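Okay, so subunit A shows up in both of these, paired with subunit B first and subunit C after.
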Partner chain A sequence: MKQRSVHAWLMLLPAMLLLVAFTHWPAVSTFIDSFHSTPRGARPSVWVGLENYQVMTQDPVFWKAVRNNLIFAAATIPASIGLALAMALWVNERMAGRAFLRMAYFTPTVLPMIAVANIWLFFYTPQYGLLERFTGMLGLPAHNWLGSPSTALGAVTAVAIWKEAGFFMIFYLAALQSLNPSLREAAAIEGASRGYFFRRVLWPLLMPTTLFVLINACINAFRMVDHLFVLTRGGPDNASILLLYHLYEVGFSFWDTAYASAITVVLVLVLAAIALFQFFVLDRRVHYK
Partner chain B sequence: MQRKSFLKICAMPLLAAASGLYGAMPAMAQAPVEVSFYYPVAVGGPIAKTIDGFAEGFMKENPGIKVSPIYAGTYQETIVKALTAHKSGTPPVTSVLLSTDMFTLIDEDAVVPIDNFVKTPEDKAWMDSFYPAFMQNSRTGGKTWGIPFQRSTVVMYWNKDAFKEAGLDPDKAPATWAELKAAATRLTKKDADGKVSQWGVQIPASGFPYWLFQTLTTPNGAILANEAGTAVKFDDPKVIEALQFWVDLGKAGVHPPGVVEWGTTPKDFFEKKAAIIYTTTGNLTNIRKNAGFPFGVGMIPGNTRKGSPTGGGNFYIFKKSTPEQQQAAFKFIKWITQPERAATWSMDTGYVAVSPAAYDTPALKKYGAEFPPALVARDQLPVSVAEFSTHENQRVTKALNDGLQAALTGTKTPAQAMKDAQQEADRILRAYK
Partner chain C sequence: MSTAETRTRRLVYNEPTLLDTLAAWLLALLWILPLAYAVWTAFHPSEYSTRFELLAPLTLSNFSRAWEAAPFARYFLNTAALVVMILAVQLVLATLAAYAFARYEFRGRNIAFALVLVQLMVMPDILVVENYKTMARLGLVDTLLAIGLPYFASAFAIFLLRQTFLGVPKELDEAARVEGAGPLQILWRVYMPLARPVYTAFALVSVSYHWNNFLWPLIVTNSVNARPLTVGLQVFSSVDQGVDWSIITAATLMTSAPLLIAFLLFQRQFVQSFMRAGIK
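Here is the complex of A and B:
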């Protein structure tokens, strides 16, 4: 018995070492750093208690980032999941060019975000950008999508949805492929409509996948900021700033590492809370086979 | 027994240290001094090849020194890498970083003044050989912290065909604000629906609007920060007036509304969507290759005076390296900024050569005669000013950028935006008063 547990620990050790060195220890030290001041040259860091957190409550850019991030999450999560499901249902059908369609939908996931953002930059360009050409044909007035505060956040959100949907589609597609075809046949014999079949059979059976995708979508909503570096850099006037981008700025542009640690702690706590809620509360309502 | 082993444990590191020293000393005399050198790439072109060529040439002449150039990404990525390495105790010996990072590097106690290494009259003459405009960003508190290397400045590019079409003299660029506005008005073209198909003038404002804003504040006689980097003057009436001019160009319908993207501005120029653009000299090669029409390069239009900000990167020497390494790095920096090499660097990259002597070399003279626009930056240097930089640089800069974007997108009036930016900057800089 004892030998078996030693054996188990030995098997866990390699992964454990990596996790401790690159995940757990940095998390703990970030937590500790968040209660200290930022060391600057000759001035070492000192204990400041909750001061960094107080600064956070008074930082208008932080609150702007929180608000933007909530809007960003509220838009990207349902939209990318819904789109993923619709695409998966479609490419699951038997039809000509199915492989091509699947590949086309998956392409955004394969492309690096920075490359993607550079392409979208030209989609959004005023006057001769793709979007402008399109709205121009419809006779709509010209608009600077990334350069006006009212549309900048929406523009970066759309890129995120486009990028994520293809990735989630793969999970839904895998789940759909593993479903027993006799269910569909039985429903057809019983005379169930397609909508009814989806609502009462497919959707409940896809629930485990949806939960998994939902967790990923939530985390990504707070993690995906690469495109901001190319598209708007959080501007104009912080109109499209997101939490992680703000965190990067504070940490690596302002070099206020202590304050950045405090923001990190808050971000980690929020994400942990979401994950725990999903694992323990939502998980119970999910039907597993 | 226990005591004995305790003593033994204590003695071990000492012994190890002693033998290490003993072993290291003769080795040091022979092994070359290693100089790690981080450099960023911010413009296109085969820069890595040029840099590697320089390093090899230097090592051939100085066999006792080994220079290892390390490409470190964009300017921002390079400073992140260099400062993180500094904090962990092993920074590069030297690095090219933005000239505006000077105060940040001083505050982090990461760099040493270059003056420490200047000993002979020849060294001194070398230090005085650079354009004063570039040295403004390299000196503070009576010390020199950086040596200009890949430097640039903002200039104006105009489409000569568009000028002809609008009935303007294609060889005469607008030289004042009034002329600029008049030309832009004539250059703005509208289609049948009243939609603008070509803007008269375009000044980008994404990413680093403060730099482009300096092309307006400088001609209006305003300097945004003091030399010590401890105070800013955003709410100066001259600054507000400069911003008002920018906003009014948009209101007059001759400049695109909102915040114009920096990255697509050259493309807007190629696509004839903008007849006049403000952008860096670093885009010269790009525009020369891609513009399908004759274009002109000119100095930034003046108002009460002429002027434009400089930009780009300086060499710094890091503190946490051995004196031998620092001395070797100094030697390398001195070598690489010699006129012939500065000229090569300028022709290969489009950066401005850093000393008047470089423009007097036969190679650059010939290049300038063949392609006169390459000399516009040089001619503008006597009236150029330092790129905006203070302590807590990026934080203060962000306050200004946010204010500029707020005014350009119409969420705040220029006066209000600059007043708010001033307040925020004063708050950030209060510890440095």
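Here is the complex of A and C:
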């Protein structure tokens, strides 16, 4: 028994060591560093208490990033889930060109976000871009979608939804295909309308999938920033900046690592809140098969 | 309700309406439009990049010019090496850990498993500041190893494989032990073959994740030596010294091509793998 215990720990050890070194330890030391100053040249880092957090509360860019990130989350989460559900319901039917539809929906998911952003940059380009040519055809005035503060955030949000929806579709499709076909026959015999069947049968049965996708969508809303590097760099005038992008700028453009640690702590807390919500609220309510 | 009536109702019920088909197609066309536009631009001379004429001449010169304009060969090599290295280490480490969790009773097992699950939420993508410091301390900045290290121990892989191993009948395990097989032999001969579909699923997810990963490689690399494709593409396309769109789009398609082609060829496996990886 003792020997088996030793065996188990030996097998666990390599993975555990790496996890501690690159997940647990950094999480803890980020927390510690956020109460210290940034070491600069000969000046070592010293304890400054809550100073970094005070800087944060007075940093207008941070608040802008928080606000933008909340808007980004509020838009991408429902839109990508709703679209994913519609896509899955359609692709699950015997519809003309079903294989093409599924491919079209899913393709954005396999492309690198950086490549996707390049493609969309061209799509949004003033005058030459496809979008401008289309709105031009409709006689609408020219508009710089990425260059004006009023539409930059919306433009990068659209890209995120486009990228994500097909990914979530897969999970809905898997769930739909595992449903018992007799449910549908019963509904047809009972004469239930499509809307009623969806509301009272499909939607409740898909609930575990919806919650799984919801958690992923929440995490992604705070993690997806690659496209900003190409499309707007958070601009114009921070109009499209998101938290993780701000963290990158503070940490690796201004090299203020202590303040960047404080922002990391905020992000970790957001993710931890999502995790606790999943653990205590969702997992108790939903009974997985 | 007569049978005839039921039948027609059921037929109508089962078939998507014309409106559904139209909406589905409209959405699909909208979804494929940016990509189609990029393909058009990349395969035509730049004067046609915004002019759509059916008879516009096709060309591959955008691709060859992009290939020559930046060290894409090196980037491809870096990404390929990176993806293979990460996957190989992930599979070995996760297999061992998952086996320990699934088939051994030992003190601290539940705590250890909870610690593993932490990584599902607090992923390395967020802890970039601290991990950069670690890499600097280890003298690993600007190496492929530095890009891979934070991802070597994958909580996701451990979780997925543990679930699979738990489903393996204990009788098989015991039968092998009676025949004198050691724990690692049992793992190799009994568990791993039975988990093959899960390995495929995880491999596809891991490869596409790390092929596409950007932020951490951007931070931890600063030269051609270790830069993967995504970072190389960004460096290439952000130098706006009159590089024209056709070439940038060609470079963009080039970097996504291997995954895209693999996806188109193995669509079914891809979709099934992503499904399998998502189902708890």
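Just so it is clear, the second predicted complex is superposed on the first by the 267 of 289 C-alpha atoms of A that agree within 3 Å, B and C clash if a C-alpha of one lies under 4 Å from a C-alpha of the other, contacts with A are read in each partner's own complex, and residues count from 1 in each chain.
FYI, a contact is a pair of C-beta atoms (placed from the backbone, for glycine too) under 8 Å apart; a residue touches a chain by one contact, two chains touch by 3 or more.
As the structure is a computational prediction, the values presented were derived from the model and not from experiment.
Given the superposition on chain A, which partner contacts more residues in subunit A: subunit B or subunit C?
Of subunit B and subunit C, the partner in contact with more residues of subunit A is C.
Looking at A:Gly139 after the superposition, I want to know if it touches subunit B, subunit C, both of them or none. Which is it: first, second, both, neither?
first
Could you look at A:Gly147 and tell me whether it touches subunit B, subunit C, both or neither (first, second, both, neither)?
It touches subunit B, and subunit C stays clear.
After lining up the shared chain so the two structures overlap, which partner does A:Ser29 touch, if you call subunit B first and subunit C second: first, second, both or neither?
A:Ser29 contacts subunit C only, not subunit B.
Looking at the overlay, does A:Thr232 come into contact with subunit B only (first), subunit C only (second), both, or neither?
Touch status of A:Thr232: first partner only.
With the two complexes superposed on chain A, say which partner A:Phe252 touches: subunit B (first), subunit C (second), both, or neither.
Touch status of A:Phe252: both partners.
Is A:Ser5 touching the first partner subunit B, the second partner subunit C, both, or neither of them?
The answer is second: A:Ser5 touches subunit C but not subunit B.
Using the superposition on chain A described above, determine whether A:Leu267 touches subunit B (first), subunit C (second), both, or neither.
The answer is second: A:Leu267 touches subunit C but not subunit B.
Kindly classify A:Tyr128 by the partners it touches after superposition: subunit B alone (first), subunit C alone (second), both, or neither?
both
Examine A:Leu183 and indicate which partner it touches, taking first as subunit B and second as subunit C; both and neither are also allowed.
Touch partners of A:Leu183: none, neither subunit B nor subunit C.
Common interface residues of subunit A with subunit B and subunit C?
Subunit A residues touching both partners: 118, 122, 125, 128, 230, 252.
Within their complex, state which residues of subunit A touch subunit C.
1, 4-5, 7-9, 11-12, 14-27, 29-30, 33, 83, 86-87, 90-91, 93-97, 100-116, 118-120, 122-123, 125, 128, 130, 133, 162, 166-167, 170-171, 173-174, 184-185, 187-189, 191, 194, 212, 219, 223, 225-226, 229-230, 244, 247-248, 251-252, 257, 260-261, 264, 267-268, 271-272, 274-275, 288
Which residues of subunit A touch subunit B once you look at their complex with the stated criterion?
40-42, 118, 121-122, 125-128, 136, 139, 141-142, 144, 146-149, 230, 232-233, 235-239, 249, 252-256
List the residues on subunit C that touch subunit A in their complex, please.
Counting only subunit C, the residues touching subunit A are 1, 6, 9-10, 13-16, 20-21, 23-25, 27-29, 31-35, 37-38, 41, 49-50, 93-94, 96-97, 99-101, 104-107, 109, 112, 115-116, 118-134, 149-150, 152-153, 155, 158, 183, 208, 211-212, 214-215, 218-219, 229-231, 233-234, 237-238, 245, 248-249, 252-253, 255-256, 259-260, 263-264, 267, 270-271, 274-275, 278-280.
Which bits of subunit B are touching subunit A when the two form their complex?
Residue list for subunit B touching subunit A: 76, 80, 83, 104, 106-110, 193, 195-197, 205-207, 256-261, 263-264, 267-268, 271, 273, 392, 394-395, 398, 401-403, 405-406, 408-409, 411.
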